[in-house]
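Labels A, B, C and D are assigned to the chains in the order they are written; within every chain, residues are numbered from 1.
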Amino acid sequence: MLIVMKPVATEGDVARVCRKIESMGYRPHPMPGAQRTAIGITGNPGPLEPAEFETLPGVAEAIPVSKPYKLVSRELKIDDSVIHVGPETGGFDIGGQELAMIAGPCAVESREQIFAAAESVCRSGARLLRGGAFKPRTSPYAFQGLGEEGLKLLAEVRREFGLLIVTETIDPENCDLVEQYADVLQVGARNMQNFSLLKRVGRSKKPVLLKRGLSATLEEFLMAAEYVLAEGNYNVILCERGVRTFADHTRNTLDLSVIPAVKSLSHLPILVDPSHGTGRRDKVIPMARAAVAVGADGLIVEVHPNADHARSDGYQSLYPDQFRELMREVTSIAAVLGRTTAWSPAELAAQN
Amino acid sequence: MLIVMKPVATEGDVARVCRKIESMGYRPHPMPGAQRTAIGITGNPGPLEPAEFETLPGVAEAIPVSKPYKLVSRELKIDDSVIHVGPETGGFDIGGQELAMIAGPCAVESREQIFAAAESVCRSGARLLRGGAFKPRTSPYAFQGLGEEGLKLLAEVRREFGLLIVTETIDPENCDLVEQYADVLQVGARNMQNFSLLKRVGRSKKPVLLKRGLSATLEEFLMAAEYVLAEGNYNVILCERGVRTFADHTRNTLDLSVIPAVKSLSHLPILVDPSHGTGRRDKVIPMARAAVAVGADGLIVEVHPNADHARSDGYQSLYPDQFRELMREVTSIAAVLGRTTAWSPAELAAQN
Amino acid sequence: MLIVMKPVATEGDVARVCRKIESMGYRPHPMPGAQRTAIGITGNPGPLEPAEFETLPGVAEAIPVSKPYKLVSRELKIDDSVIHVGPETGGFDIGGQELAMIAGPCAVESREQIFAAAESVCRSGARLLRGGAFKPRTSPYAFQGLGEEGLKLLAEVRREFGLLIVTETIDPENCDLVEQYADVLQVGARNMQNFSLLKRVGRSKKPVLLKRGLSATLEEFLMAAEYVLAEGNYNVILCERGVRTFADHTRNTLDLSVIPAVKSLSHLPILVDPSHGTGRRDKVIPMARAAVAVGADGLIVEVHPNADHARSDGYQSLYPDQFRELMREVTSIAAVLGRTTAWSPAELAAQN
Amino acid sequence: MLIVMKPVATEGDVARVCRKIESMGYRPHPMPGAQRTAIGITGNPGPLEPAEFETLPGVAEAIPVSKPYKLVSRELKIDDSVIHVGPETGGFDIGGQELAMIAGPCAVESREQIFAAAESVCRSGARLLRGGAFKPRTSPYAFQGLGEEGLKLLAEVRREFGLLIVTETIDPENCDLVEQYADVLQVGARNMQNFSLLKRVGRSKKPVLLKRGLSATLEEFLMAAEYVLAEGNYNVILCERGVRTFADHTRNTLDLSVIPAVKSLSHLPILVDPSHGTGRRDKVIPMARAAVAVGADGLIVEVHPNADHARSDGYQSLYPDQFRELMREVTSIAAVLGRTTAWSPAELAAQN
């Protein structure tokens, strides 16, 4: 059930509806929009009676919901969600006019490496740094990240360069640690249906970057996000990173059509990861251009200062000068769609 | 085996190498490039001795080939192929600076319908008209096209609007008829490995638009093109139109990463069909933008003057005003990549 | 529309209904069953009025059809179809109690090879010989079969060993030749939606073995069969041969669940090809056992007298003694399901 | 590196090699086989020198390993692993001659339901009961299981019927609870690459049933098992439960060819889940027959005493009498492969 408030409804009207829902033993999820507020109800075992709500002051309509997701649905919240990352003042808005450019190495490997990476992506215009301290790896014998030492290095980088930190959390207990350091908690593709982890990040104060699973349908992807919102964390950023198909010219098949599909069903922002989405360095820039052209809200890209000696994913990491070229190209494409990057028009003109 | 000629080699040198190859019982395929000519050899049952050729005048190198394709390979021809469509003078170059914009209905349904479609796409800047007279349909009971009557209507449209005609041929015998009317012979996705048809169009004088099969790997796709070139028709235009995956939010999954992959392996131009590639009208424009951004040489798009009453594929056909919007958006994206459409900058500025 | 006749309806009643259908401009397809006859109607552009038929003598019911297929449907014909292969007297019934065991090399390579193959599979209990004279190959430079010479060798083998011949036809014109020699016309997976070929074999007197396409859904598979039946050839044998998926431990993924799915929707028999279905010799026998256990009506298996030197598909061809082992194992499994092979119980006991 | 001991090597020889490995800072994994013991080494960052080990008493050979998995590999342990489930005395051996038949409802719903289910599957010959107390569900609003109350009911059932309990654990913390009640810890398909959970069950004393992920390659599947063995728990049972493909006639595509593929690469037993593998009740029995015929070591099947009112997966759960029919059919098939079920030959004969 969705309760749609009238544009003239007061905060008191919204509060009254929420109390009513709580008194019935369910959970209210007020979602303020530009024009009006909508209130989702979760926890109800079956259909509710619209009349119970439509008679309350300020209520425009009570709509029964048929889709399995509610809180992520554009029916609940008609305006695009803009997710604020970082401290109260400053920080960055994902889903706003400026594209979110997240760049950095697959894994934090050393102080030298992460500082060199941060320095180069910062100079090219990235606002957020990616880098894993805990790495889920197919092999138990592969490098699994530096752990807390890696998180501390990321915190140093934030202080030094002002970059916001996006890093992965791999299980509920691990989240206690990671959320002390990260600005955005990343949930990896293999964990998209790790429901214990989804519930845990749903109780965090930090925004969540949720990657699509390798064989997740759109509905499963949105339902995974719904888990996070249902726990009260509405700051979810989706990310397409390629799905598994028979095609063998790329490591995964980047499914760009999911961007407009998400935009029509949900209010959440969505990014594209062309690095994992192709698995090959020489396909990253063309697919980054395509991702921006299709309407993504930003990119998450692997960049390594010394890609040929990376401890993981080196073959898909851009060299620093390639990332600068990527920024140049996507800034031009973004302009066609009325969007921007950190580059000013003057800066872009100087490069062209 | 590829024979690479020196930049200074004369036509006589090239002819001498070709005669040598013929005298051994094989087939020479000279491919002139901007800097130099390369000559492919087909028909040899096994490896040849490089020294047999490297001693001839004008020969720079004889390179044994390891990939299964030869004639479509960028190793044979380093420059992009530009495929001329239409009469000797006039016509259109696919693979040149201007993007090939092919638009029109799924099927020719009537004189009124095809004239209305042609008029609208022509006005919006398409240079080529698509429209099927012979339609391969999943059901034997579905509308299978108007047949030769449809071809005659397409010929009328060409005279009336100056549009070049792209239409499908469905078997070797049918090709005898279709090539009398078409400017480009389309081979559909379901026929990508219909080798009898590939050989037949390989003996035609008309360019061939070859669509990727629903589950074709990149290598199978290039090998299908190789069939056409091996028969002597080097005018092949590839087309990505979506592959079959588990994803269910679109009818097929458009695999845009195949564009840069083809560009690195082959000299042939490649288009994208966002209509079949998504199967949904509301995804066509975003994916068209992405296709141009990734580097495709053009688009083939379904447009129907009365899409809601189309006899086939209505749900994925654009309305005429949507096609105009598509042209506006892709013209802007194209400019970023140094490419153009039929729209002049002034025309584009007037629309923006 | 399906017309279901009463059990007591006479041949005259059936003929009257057929004439009525023809007089309306449509095509009747009478299908005699064990208990009653059903008559399919094709060619009608839209729904028909049941009352037009239900008032005729002998008619039990006129049922509007919602599924896209009619003639292949078990609604039309409730009893399993048994397809007679070979001369009027003698020959073999596919879909009856005895499993159809079709074995032989991928391609006819020489007189010696095909005679050796025939001799060994015949001795092990195969009733039908497979062997391609026209081979669709991914590469234009690969061995494409011996052509008519191969067909003549197959005809010799039939005379010598009494084996029935299953061989592929690759286009409508080629079918004119192949049907002079073959007992069963095979349509390959890549041609499953070559509708011109489907229509051509639909006009043949010979039974058709129709292989499932690499990415064909069950509905597309049945619709391809429907094309053949709609032309008047009701003798279609389906064949599952693996579909294309991400899994890389076999060349294709053999989808055995399609066997019970076909059995519930259609009256047509269905075989399994574990050779193409796995692409690896060491998986053929286990999957052959599974295919018989799931309820397939037989197997088509590649066996080569000299598999390590085969000109095509050698890595998936069984050695002759492996085929004997396969026969032993599937005969035992078949017995559990109340089915048989050419082996008598005594013969089987002697082997165990 | 694998160290293969001589057949005559003593326990002291094995211990000496293990100490040597530990002294180098790596981890030894001794695996006793019927003829000889092999010792895997993990934790080494790169290749080791064979001569360091081949000079020790009792060592036959030191083999460098190229595949990414070691402990699950048949190279390390040539004999099939038989996994003992249950108390020291009594219990059941998975991977032995008798097929493991695991049956029961998707979820424990109530005392009445789980007792009725246990009673019926026990009477039909199942030795192990399945039933989820913690259910990973696509929707946060769906029934997620009874939690510890469900585990307590399962413990009661074990006492009452002597059935061994297979139940799912969903995260590391949850495992602390589940391992107090379960005889086998199930790791679900969505958690196949939840590496934190894999490591946790790797430190448990209880055997682990590891389901293949929806888009897991064979190598990824074996590497997930390797995570468990690498922590010291060698009692892993694999389970194929269908993969995600384009095919839509079943919920997943059951990939039976993975059974012989696992058998050739690994010593671990593997079961098949035809319930999730097809998602449709009417396909479960045919695919169960096929699974046993292909060589699986057992089945895990959903059976519900009141399937039409199940709180989850009702459409794929067998009715109790269908499970009895399944047992009858698979017992007959098993006999062909020299395997048995709980049914004696007399019992089987009485049913046939």
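Quick note on the criterion: contacts are C-beta pairs under 8 Å (C-beta built on N, C-alpha and C of every residue); 3 or more make two chains touch, one makes a residue touch a chain.
Computed from a prediction, not measured in an experiment: that's the story for all the values here.
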From chain B, the most remote chain by mean C-alpha position: D
Of A-C and B-C, whichever chain pair has more C-beta contact pairs: B-C
Chain B and chain C: spacing of chain centres that average the CA atoms, whole Å: 36
For chain A paired with chain C, centre-to-centre distance based on mean C-alpha positions, whole Å: 51
Residues within chain C bordering two or more other chains: 215, 244-246
For the chain C and chain B complex, residues of the former touching the latter: 42-43, 68-69, 136-141, 170-174, 190-191, 193-197, 199, 214-215, 219-220, 223, 226-227, 230, 244
Complex contact set, residues of chain A against chain C: 244-246
Contacting residues of chain C [partner chain D, same complex]: 215, 217-218, 243, 245-250, 253-261, 264, 277-278, 282-283, 286-287, 289-295, 329, 332-333, 336-337
